[in-house]
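Shown next, in structure tokens, is the structure this report addresses.
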């Protein structure tokens, strides 16, 4: 019996591994298909957004705790990396790590009081935090450049390579994103991941089972802040320019939308959501003007009619259709 | 094993429990019975750290655990099941039991994300232990089913398997037979006896008198928030106050 | 610092605070009957201002009719929102409801943008712009309108909750929704009412403040959040608590902007919001525990 189990598990692991390998391969050959065009640039953003969506999904999709302030962590990573490297001439790679650690500590510190709140109140508190940080970005003009933004951030370099083209940045960012996806997949299928999902399903039962609910929520909040901060640093070094408008409440909501559209509690879903919301504006010219209508509609529609997101919604839709067609055929 | 002393619980102006004291002996099956509204579930919630009592103390193996949180009590060997089963509905049956093994593992975020060799080994060990508890409760064939899709009776068994996975010293069961048919109740009785034979002390709140009289070594009767009587099933059945409380209700 | 300047700040803070209070009471009414924090509350405020403008400028209607129509249409938007998005989700988790109301707010804002564009618009004041001297400070007639409308609305709400059957039923729902349902109160209808009342109050706030602050499709976000802050200071009361909450916030903002930095003015509300949520979730004036933590 145990032998069967471990064989099953190996099969499962191989399956997961194959899925990840295929996904990585697809990502790696995409630039060849784009031939270095405009889409390559768009897909750099898909990568950054995927990173952010995965980070939020760990918190929102797995632990069931909402954050409407994710853009703040992203922004802190971006501005801190930018300022420390451009204004103070520090090493970008070192600063990326230092900043991520500092942002993680900040999240850890505010996480303890904030994550005591639940549901609507947690949403409001994280939103409040996000807006305060956003206001600081705008008002601390000597440091951040204020509303007009902060420029002159250096590109990252490794050995003799400077990440100064879309092509190089694509592989840099997707490298980090793929590693994060792999680590996240490991995490959600572990003792920690089970603890998080247990909190989501029944907090009281999780506590009775000895899961330190409070600490675990704060840890995952801090982890998602760290990943977001790294995404921010990468964004800053890729764009070489950052401005507060990228880190406001609207972007926090956009991230929540990505996670929900893709599928709560699905790592690949986060990619799907990020890709969709990043590509839509590029394909629909008109989308530029109607974007907020579409976001609003998608949020309401998905939550009401496809709460599992595209990852679960599409297969079940296909199944339903197939069943209906199959049923019709047998009737005829 | 468990010593409950002078527990009083008030919610606003309502006194749910008043000066309730009793003990649970190691390796016994102790039943807590009483008409609806007697305060049985409230008492369980206090003992397991979900509510904080207005006054009174709870000792586990001589240790004062009165204001301890559930997650701490779990590490001390106290676990419970719920009246309206509280499963992790979106996880598989096996994963549910593995959450019960949470305190048996030590791997953290970093080692889990990196799949360090010892984390992989620990994971394998937890999985095997979880299977053991599934076969102990007889639901091995459901290992990969989603817990939320289980029929009520199986869900109850899963809850017990999950609780046993902690290898507790004391299990508190809140109406384990509620919603079960007579065959399932019979199986439950045998399972509870096997749990006791495994050296685990059991305390249960139950309405099914036949079950209580059948398997319990000691019984505590609550009525309107007070302890009415305490004794062996024999003594309780012959206690005129208990009889009148139940007849008066029915 | 001159005393007359301070009293000027106090006066303008008081009028902003009255607006926050009106919006906050709307939050409280919905929260008390449903347990939902309606993130779309601010959009009713925006609708009030924008609809009034639309009826005034596009249809050339007289002010009073434009105002009445604006309140009517905003209220309609509130009940339609309740019917389409809230009622079908009655068993949803708090997170789903947060997301639904956020989605709804974005949708309403987006539709307003499509209809009326992204520009900022001015609305004429109700009775001119001649300043009135109050001690050493001056106020505009519009401020008086704000005070008067807020006072009347708050008193009417109080009377409604105290003396009418449906008002009492709504209070019963606030105490215990299930018990209210058991004694025969139509909880669904009460939820419906609460959205209607909140939308109407929000739109009134939006209408009376628009002549002072201008209006555009996106004014609802900040006003809504600050109204929520007022409500949370007041412990989600649908009466005086939230009024005090609004006034405290309005005055702090106005003093903060005047005496320290106008740039950080908007942060004040959110710092207060966080502090209250984390330290005193039951609000400043209430004793005892609530379910917020």
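First chain written, first letter: the chains are A, B and C, and each begins at residue 1.
Basically, a contact is a pair of C-beta atoms (placed from the backbone, for glycine too) under 8 Å apart; a residue touches a chain by one contact, two chains touch by 3 or more.
For clarity, every value in this text was computed on a predicted model and none was experimentally measured.
A.B. asks: Quick check of your reading of the touch definition: is the inter-chain graph here a line, ring, star, complete or other?
C.D. replies: line
A.B. asks: Looking at C-alpha means, what's the farthest chain from subunit B?
C.D. replies: C
A.B. asks: Just give me the whole-number Å value for how far the CA centre of subunit A lies from that of subunit C.
C.D. replies: Here subunit A and subunit C have centroids separated by 33 Å.
A.B. asks: With chain centres taken as the means of their Cα atoms, state the distance from subunit A to subunit B in Å.
C.D. replies: Centre separation, subunit A to subunit B: 40 Å.
A.B. asks: Indicate the whole-number Å distance between the mean C-alpha point of subunit B and the mean C-alpha point of subunit C.
C.D. replies: Their C-alpha centroids are separated by 48 Å.
A.B. asks: Specify, in ascending order, the residues of subunit C that touch 2 or more different other chains.
C.D. replies: none
A.B. asks: Quick one: in the complex, what on subunit B touches subunit A?
C.D. replies: Contacts found on subunit B: 48, 50, 69-71, 73-75, 79-80, 82, 86-91, 95, 98-100, 102-103, 105, 107-109, 112-115, 119, 122-124, 126-128, 131, 135, 140, 143, 162, 166.
A.B. asks: Could you pull out which subunit A residues touch subunit B in their complex?
C.D. replies: Touching subunit B: residues 1-2, 5-6, 9, 183-184, 186-187, 190-195, 197-198, 200-202, 204-213, 219-220, 223, 265 of subunit A.
A.B. asks: What residues on subunit A touch subunit C, complex-wise?
C.D. replies: That would be residues 60, 64, 66, 68, 113-114, 116-121, 123-125, 127-129, 131-132, 135-136, 138-139, 249, 253, 256, 260, 289-290, 292-300, 303-304, 307 of subunit A.
A.B. asks: In the complex of these two chains, what residues of subunit C are touching subunit A?
C.D. replies: Interface residues on the subunit C side: 35-37, 39, 85, 88-89, 92-100, 102-111, 113-114, 221, 225, 228, 232, 261, 263-264, 266-267, 270-271, 273-274, 277-278, 281, 292-293.
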